[in-house]
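Next up, some structures in structure tokens.
After this come two complexes, each holding chain A, first together with chain B and then together with chain C.
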Partner chain A sequence: MPEYAFFINSSVCSGCKTCQIACKDKNELSKGINWRRVYEIEGGNWKEENGVFTSLPFSYFISLSCQNCANPECVKACPTTAMHVNANGIVVIDHELCIGCKYCAWACPYGAPRYDPLKKVMTKCNLCEDYITKGLKPSCVASCPMRALDFGTYNEITAKYGSGENVFPLPDPGTCEPRIVIKPHKDYLKPCKEHAYVTENEYN
Partner chain B sequence: MNTTEMEKGSIFLVLFTVLMQAATGFFILKELFIYTGYCSCNDKVLNISSSAATGIIILIALLTALFHLGKPLNAIYTLNNLKSSWLSREIFFVLIFSAIVFSCFLTDIFLKIKTVRLIFSLAGIIAGTGLIISMSGIYMLNSVPLWNNFSTPAGFILTAIVTGTSLLLLMKEANKTDSFLYAVLFLAILFSAINSILIFSTGNLRLYTLLVARTILSLAAIISVILIYFSIIPNKIPVRLVLLLILLSSEVAGRIIFFTNYTKGGL
Partner chain C sequence: MLFSFKTRPKNSFFRTNRRAFLKWSAVAGTSLLGENNLFSGVFKPYFPEENKTGEEKIIRTGCPAHNCGGRCLLKVHVKDGLITRIETDDRPGDDISDPQLRACIRGRAYRKRQYHPGRLKYPLLRTGKRGEGGFKRISWDEAYEIMYREISGVIKKYGNSAIFIPYGTGSYTNTNGRWPAVRLMNLLGGSLGYYNSYSWACTNIATPYVYGTLNTGNQRQDWVNSKYIIMWGWNPAEMKDGTNSDYFIRKARENGAKTVCIDPRQSMSAVALADEWIPIRPGTDAAMMSAMAYVIITEKLTDNDFIKRCCSGYDDSQMPAGCENEESYKDYILGSRDGVPKTPEWAERITAVPSTVIACIAREYATRKPAILYQGYGMQRRAFGEQTVRAGAALAAITGNIGIPGGWASGLGSQAGGEPFWSVFPAGENPVKARIPVFLWTEAIIRGKEMGTAEGIKGADKLDNNIKLIWCVASNILINQHSNINRTAEILRDESLVEFIAVQDNFLTPSAMFADLVLPACTQFETWGVEDGWKFGEEVFLTPKIVDPPFETKSDYRICADLSRKFGVWEQFTAGGKDEKAWAEWIIDEIYRKTRFPEMPAFSELEKSNAGVYVKPVKDPVIAFSDFRNNPEKYPLKTPTGRIELFSKPLFDMNRPDEIPAVPKYVQEWESPFGKEAGKYPLQAIGHHYMPRVHSTHFNNEWTTEAFPQLVFMNKADADARKIRNGDFVKVWNDRGALVAKCRITSGIMPGVIDIPQGAWYKPGKDGIDTGGNINMLTTERWTALAKGNPQHTIMVQVEKYNN
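On to the complex of A and B.
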């Protein structure tokens, strides 16, 4: 069973949200439902050295959807087994079983499962399974004008880009082993994350 | 990182948890007090009426829970993942506990065999304990650090004791064993209120009004318990009913504070 993974090059992502729109368009998502989300992380502080103050502002973007974790918390939490790993190794939802309890959304540290109030069930990114079975890239990856996103099996992605970094504010990857490789923006190393703001702009 | 305001549907989840804990606490405490001989309330009328009351509370709790779900008709599939889902385990224990309460009710009316009743009591105590543990397990998620600590099971157990004891006081006839129950109630209200304040102070400081309401209601309940304990207020049914209503409102407020403090550790 293949383990699919996304690569995100945060150092070149301009935050244009084309990936988000492409995902909404391809999957015909309802208003307010974003399977892929672009987060803007910004903040800053002052550093004093010999009476001289230097500003330390930072700002970068991270584009996230389902991380297709190797040990998915959403699958463990789902009471009905609606959330499951399918034969292609993709975490998907069986809407015939879903009760819309939102427990998977609580359990997922990346906020990937989204409740659709119209369908009254949980929904989530399926990695554009129909595209990848035809050998195509998911719509978000194909649409990125900065080529900040890439997709493949986890082995392919790590061979190409290395194991990446766990960029702030992503949670400890140890809990669910997300299949994601991130090349961080240079600003992510700035030591003032306690003053950071994370915003998710909704495009509906 | 991002915080979510409590959704409208979550009020049904609040009511479900508080009512289910009340039913469980009531059943367990009643059975424990009866079989340890601490409470002289081992009479048929109390058993039948308390089993019926527990059953009614469970029924209301289950009906309110359905409003929280997007597709309640799919609820039949909720036992599919007992292996890893705490929610699945909670529903399993709800069903077992409900069946035992119903069996107790039928035994008290028709069978009247003490050994059978004792077996049902023990099974009910085990299932009720399993229910409270699995209910706590649901909220102890790695992704929600504010819930993933000892205050969650502590809060749920204390709610069960507070509401269970006040229900027991309401259902049983007044006698000298009430002093012990009021002492238990006093301590449980105190710790429950402290637990709620601790949850509030470590989370996002929102809903001050609710915390003020929770504190005032807890104080009112504590003062009432002290006054009843020292016979300044008569230990009568209307007084106990008012005390139960104050405590239920206080616990609901506390649970809303708990749910509103839902803050993801991730994104």
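On to the complex of A and C.
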């Protein structure tokens, strides 16, 4: 079974959210449901001395969808076995079984499962299974104007890009073995938890 | 859980915002659009039976061309006459000579515009007072009759020069857009012309004073040859200054270039493309540039050979005849005449950039060659934008970064070796010769007959009419995008001034709200057209009609063609019966193939191939001014001296040294933090080009606005001083007007400056305060000295928490 993985080059991500919109268009996601989300991490203090600014803030973006974990918390949390790993090694939801209880959303440290209030079920990124089984890249990866995203098997991705860094504000990766490689932005060491704003679309 | 965010500040503004939003929804409950079923309700596209094949087709086409700065390729999935999915360029290779033309958020979200319930469906006639927004449905026959009656009436009563088809860039595919209307009017005796634009008025006029041309840019594939790139007020990742410009900068960095972004905002480009971000006080760029010149000159980092061979007016050894004793560029920089050396310490107080940083950037720019100083256009949409353009070009000149691979001359930057055609639809010759600077159209309404060369009138000594009829096609300039909305609205409301206004668009825009007659146009997916690469780009896109126009909508060309029958000029207008497709064929076969791209496939082949685009790969990028640099005597510039003019005698002869100096100077703006106006209005407001829309297009797109809502961006220091919290609604105002929008507190903007992204739709509440967040509530109609251009970023404002 292949172990698929995303590569996120945060060092060149402009936060344009084209990946998020490409995903919405392909998967017919209504407002409020985003399988792929671009997080803005920013903060830092300004110092003004005699009308001149001497200290500068930081800012970078992280694009996340489902990390297709090797040890997925969402699957473990699901009371109905709707959340499962399918024959292609992709964590997917059987909507016949899903009762929309949101346990998976609470369990997932990345916030990948998203509740659809109209269908009353959970939904999530399926890595564009219909595309990747045809040898195409997922919609988000093919969309990126900066070519900051890539996709392949975990071995391919780590061979190409190394194992990456666990960038703030991602959780400790030990728990669920996410298959994601992030090349960090130059500012990634600057944020500290007290000072960083992390925004998704919720500031809408 | 990661996104429960213990990392957020204590008062999670997510929650605060939600409460505020619910409250706000109640306030803003009465929409201007109302619940009138002419506009709202579920959009049911028209499904001809023959289209219901159940099969999915994939059609490659140009992304609907507005004025975003990019031109990208879309793969549009169509099933049963409905667009079901939009993907982008997937041509193999993606080599830098011919990279994939990947569409951004605006193109990928297009279905939410295409199938928006608010699409105009029928012609509408105003019912109440102008601007109130009351309309009733009428037939096309009635609409054409009204257009015929009003246009003929104004021609008879005043003459053709009383008719104006405003600037508008909402549709850009030759057959869709304003050009067919111009063609029809030209057949009927013409209409008042204009020159210049709202995008780059100052650089458009100032650049030729330095270089004698606008084609000052190397082709972009050359950027990888640069060692140092200054992105000065330039934000290609967001506004797209050519598809892939951001990607080319990434490639240049991978090739070893250091990049610096100088901008009041930590723009998306500053984050993704720059090694360093240097915040600068808006409107003071020419001061920093002058101080950089001071460092370069006094530390002997100038390219003396280049200056000697190629420049004019650098110092007293090369002043033009008749100006031998005037102040040279070097005189100004060193302060030898005015007693003020333009040192980094001098500039520090003006720009808020540390003098050490200014000196460092100057040294790096002058020594890490070849270097690019790329000027964005926001900094020239300012009170003295012309000076900034010339000051940047001067730095390129004194360091000799011109005419070489990896260098950049600055200025407007159209590419050498073939600029795009923009629109080639044959509008014909305008029998009315008078042209106004485009920004002065409201002046031409209230006092056109008083306007002459002093107001920038070209083609005539003075205007012989005030504007009496406006036919606004694919444009939101009437209200939304022009300065000082309250003033414009008052002018337009007065029916004794402009007697008739027709607006032709896809939506009931704020401009359409001021129409007497609204004509529903279809989108670019619904008719044939042709696009070419925006400012850059060796591309031509064929945009076939891929779905039918819904309801009673028609292409801009079709509307004009139908109307031409009324006037008895159908034969001439349609050139013997051409439809949109026939024009697309004519444009490709008779224009592109016979001029710029002789090797491109014929229309029929392009259509058959479903390629959507023809691209001429750039393997050997053209370098602007390389001939001139090698042999300035043989290849002189089209300036009076044939050289790069650091001192301009034509500007000197204008004899307005305070506003139009002969050498580029920093001039304090008419609204600035240093003037007494700052007492009442202490904050500078800028309005950057925002990711979710193209100017005002896509403001109603729920996907793009979900990702990027309209906000006022403000530094924490300014917010704290006003007790404003993240997510609060704030009122922003000055003497011209006021707006309300939600506030985003960010460290990504310098203190003393707020950003209100331009293009939000004007939506006044009962108190006259705009609830849409449109920055033009605050901007001024005053025009710049030389270009007569729009200074829409030069504004001072005050902000407070909005409690209603």
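Observations on the model:
By our rule, the second predicted complex is superposed on the first by the 187 of 204 C-alpha atoms of A that agree within 3 Å, B and C clash if a C-alpha of one lies under 4 Å from a C-alpha of the other, contacts with A are read in each partner's own complex, and residues count from 1 in each chain.
Everything below uses one rule, namely that contacts are C-beta pairs under 8 Å (C-beta built on N, C-alpha and C of every residue); 3 or more make two chains touch, one makes a residue touch a chain.
Predicted, not measured: the structure shown is a model, and the values here were computed from it.
Among chain B and chain C, the chain that touches a larger number of residues in chain A is C.
In the superposed model, A:85 lies in contact with neither chain B nor chain C. In the superposed pair of complexes, A:198 makes contact with chain B and with chain C alike. Judged by the touch definition given at the top, the superposed model places A:109 against both chain B and chain C.
Once the two complexes are laid over each other on the shared chain, residue contacts for A:170 go to chain B and to chain C alike. In the superposition on chain A, contact of A:70 is made with neither chain B nor chain C. When the two complexes are overlaid on their common chain A, residue A:57 makes contact with chain C while staying clear of chain B. When both complexes are overlaid on chain A, the residue A:97 reaches chain B alone and has no touch with chain C.
Shared-chain residue A:143: touches chain C; no touch with chain B.
In the superposition on chain A, the residues of chain A touched by chain B in one structure and by chain C in the other are 106, 108-111, 169-171, 198, 200. Listing the residues of chain C that touch chain A in their complex gives 1-3, 5-9, 13-14, 17, 21, 85-88, 90, 94, 102-105, 108-109, 111, 237-238, 243-244, 246-247, 250, 266, 268-273, 275, 277, 279, 348-349, 352-354, 691, 702-704, 706-709, 711, 715-717, 726-727, 742, 744, 746-748, 750-751.
Those residues of chain A lying in contact with chain C across their complex are 12-18, 20-22, 24-26, 31-32, 38, 42-46, 48, 51-54, 56-61, 106, 108-111, 139, 142-147, 169-171, 185-187, 193-194, 196-198, 200-204. On the side of chain B, the complex with chain A involves touching residues 1-2, 68-72, 74-75, 77-81, 84-88, 91, 138, 141-144, 262, 264-267.
The part of chain A that touches chain B in the complex is made up of residues 37, 39, 64, 73, 75-82, 96-103, 106-111, 115, 117, 119-122, 169-171, 175, 198, 200.
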